[in-house]
């Protein structure tokens, strides 16, 4: 329920209504705006109706939140949320580029890859210590040792680091070492993990599941938000379709759709979204053009030797070229790199 | 690698080869057959080649396992695996029916539903204490209390009980209370959960992910098998396609495809596979006709009042009718109920 | 609009209402049943409402047809339609098997293939003279010469023949030579072809498009029916999904869904629905179990030498085995072969 | 087969080889380049091999065309093809915008809509006289009368006109009235239509089928090219996936994929690709950013009153805003509007 207060409503009136909402066992929300105060109430619709808030003299209107995702919706929260990873703000005027190799393979490999992406203008470093692999016989990451290397390289370069969390049992360690947690496509509906990461309060990059509808992505985000974590970044990374020419079908329709309905920042991962190195740069430009807040790109010092995702990882000079061609597009949509 | 021994090869020769495999850091497998002994070796193909087992006098032939799933493949394990849940064998001549409500809602509801499915011939009881829900505001099950009710009703009726596990943190408790663990579609590639359940050794019903290719289902099973658990039942439950008339598209092609390539038992869930009550019985019959080892069906004492999946749950008399029409089909394919 | 007459309504009253419907520029339908007469009226809903038929003393009730497909719906036409190809009835108690090679390759090949399928119990012969091919460089059929061979072999064996029509320009010739026309998946929404075939009045086998929803298949059938042709058989032949293990995903959910909502006969094509010879028989059995009225199967005297679809064509002895295993399933569902 | 001639090869040598190719019953191709002459030969690979062209003294190398689409591939034709509709060139440095209503509804409606899109900078007018409709009861266009209105408004404004052709029987009339023919998604594999339009030589906009793989789109184009028509423009218009939030999933991955492999111009239709008015402009910008040669957009003088596709049609002022925001993106990728 969205409760819009009248223009001159006093802070006391707002507090009074919030208390009534809480007393009824519902979740109260306070959203002061520049022109008027908006309050929210989440919970059983029948209890909400029983409060008869429309009768309160300081209330202008009471209306339901139509979307099934409440906290993620712009209905309740019209202004863009800014999420901070390390010192870097996502969701504001700047277009952000997170880059790095698929996996932490060695200290040397990560140091070289990090230096390359930083030189070209990336604002954060990505690399996996825990890798989801379709086969139990694939390289599944170096685990805690990989995490430590990632932390060290983050400290050396000053780049905040983002890495995937796959199990609630690893949460404390990953949250200690990383600046932001990534929830991968295969875990988008791992609800236990969503709840745990929600409680951790760490910034999260939540990737869309391979067969998740956009609304399901927003409901997965709602799990994080409902657990008290508002530092959530959404990420489109391609969906699974009948097309076999590309690894996934990057669904850029989702970008304006999400930005129009949700206040959360939205990234695009053109590496997984295409699976083909030569398509990464054009799709990064398309992402910037249609309103994404940034991209997540795989860059490896030597993709031919990569232990995973080599075919979709950029060479450092290709990443430099991507950044060069991205700059005018970002300016064309009124943002900066 | 599959190592076929010569007809008269001695047990000592087999042990000797297994020891060489283990010494090289590889995983040895022993599969004595009625006609000849087959050994297996899993691990780095180059190390395997270095063993030069084809030169051993008791070896007839050495050939690679072509499938990416090794332990799940019939290449290494040509005979059907029988999985036992409680005293009930799956994968043999009998066609098995597991039935029950989507969720444990109350002791009364489960007792009535269990009595109904037992009366009609179900051999095991299903019901969820932990429910994966797309929205954080949906009913997500009664947790430990629900588990205890499920255990109690299982003991009262003598029906073995199957229930979903969603988080490694719940494993000890769920494994203590249930006769078999179910891994749901959304967790088919939750690799931490697969590894933990694999180590537990409990019988598992592994459901195909909504957008998982058949090969990926077999590779998910491979995680369980590689962790030491050979009590794995596969379950087709519908995939996500463009069709909106039904909740999912039940992919029965997968049944003969799986049975031809894997030795594991295969069930079909026509409730989730259609999402429409009136389609459940015809698709249950189709499943039996094309070679499934059984079905998993949602039955509720009163679907109209169900807290979840009401539209696809059968009424007790509909379930009785399903069993009645299933019997001649099961006989027609040379099996029994 | 469905107009149900009162039990004792006279034929004159029915004719009178039909005349009023026609006078208003609408399409009248007359459906006498064993218990009472049902009339139909198709056209602009506002004009229909203006007739105020509910006021007529012989009318019991007037209700809208809810489905967007009117003539194809059971709402207007509750009894099963029987379609006759040559002397063979589809949609009744018998389960029908149409078999033959993908294409007419030569007189010898078709004669041998026809003899084989007839020997095993097929009731009609299928073979293409015009073949839709993804590449312009593929074998696209022998055209008129192939048609004549098909007609001749049909006459020799007494089997009615079914063949694909791809272009309105070929309609006269194909309609003259074949006993039934097939509209292929790629042409399911070739509306000019649907209208022309509808006007021809020839029996039609209408295959579901690769990405057609079930409702769209029924609306394509509606084009045929609305053009005056009620001899329409629907055919599920697999849809396109992300699964790559099989050529298509056979959507058997569609069979009971269609049978419950439409009066038209429904066939299944397990050859295109799987694309893999070893899956054809199990899926044929599944089709019979879930309520299909028959199957359409590719059988070639020598699949290894087939010019098209060899991988999914059965050898004659495999087709004999299919028929042998089909018989008990067909009996189990209360039908005969 | 691609035959690269030596740098100094004489025109007579080239003609001689082309004659040998033709004499062998194969299709010869002549592609003079700025640096050296390339010849092509299409047909049976064994006959080609028998010519032993590598032995000719003026031949430098002979290599196969790897793609299944030969004439559409850059392997045989490395330079961009320019297609002219009226006086307007597609595939060159300019980014082209074709706009107009879904259907010709009336002379007034088309005149107003055409004036609006011309004012904002569209270079061609689109509108359908024959409309493919899922239901036989939908508005299917005004046919010949609509074509004449389209021709007249094209003449009044000077805008070349593009319209859909759905049946070979209409070809002469549509080809006489329109400047370019559109083959719609549902007819992408209507091979009779492709062959007829190929022979007509008229410029064609070929839309990707709803479930067509990119390679299948190129093979459909190959039908047109093989019939002698090189005036082919490809158009991505969204594919059918499980996502229901949007009408289709616009597959922009296809744009760079097509541009890298084929020499044909590529357009994007963001109207059908999204089905939602508010997503059209962002996806038009994305299309320009990732390398499309232009867009095809639905604009109606009053979308609320449109007989078809109203929800995805832009209001004239929204189209003006689209053009305004497109301009800087087009410049950013080094092209002009």
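A, B, C and D label the chains in the order they appear, each numbered from 1.
Everything below uses one rule, namely that contacts are C-beta pairs under 8 Å (C-beta built on N, C-alpha and C of every residue); 3 or more make two chains touch, one makes a residue touch a chain.
These numbers were taken from a predicted model, which means no experiment stands behind them.
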Copy pair chain C, chain D: interface residue numbering same or different (half cut): same
Farthest chain relative to chain A (centres taken as mean CA coordinates): C
Higher-contact pair (C-beta pairs counted), A-C versus A-D: A-D
Inter-centroid spacing, chain C versus chain A (mean Cα positions, whole Å): 49
Interchain centroid distance [CA atoms averaged], chain A/chain D, Å: 37
Multi-chain contact residues (two or more partners), chain A: 211, 240-242, 244
Chain A - residues contacting chain C, complex: 211, 240-242, 244
In the complex with chain D, residue positions of chain A that touch it: 211, 213-215, 239, 241-246, 249-257, 260, 273-274, 276, 278-279, 282-283, 285-291, 325, 328-329, 331-333
Interface residues, chain A side, partner chain B - complex: 68-70, 132-137, 140, 166-170, 186-187, 189-193, 209-211, 216, 219, 222-223, 226-227, 240
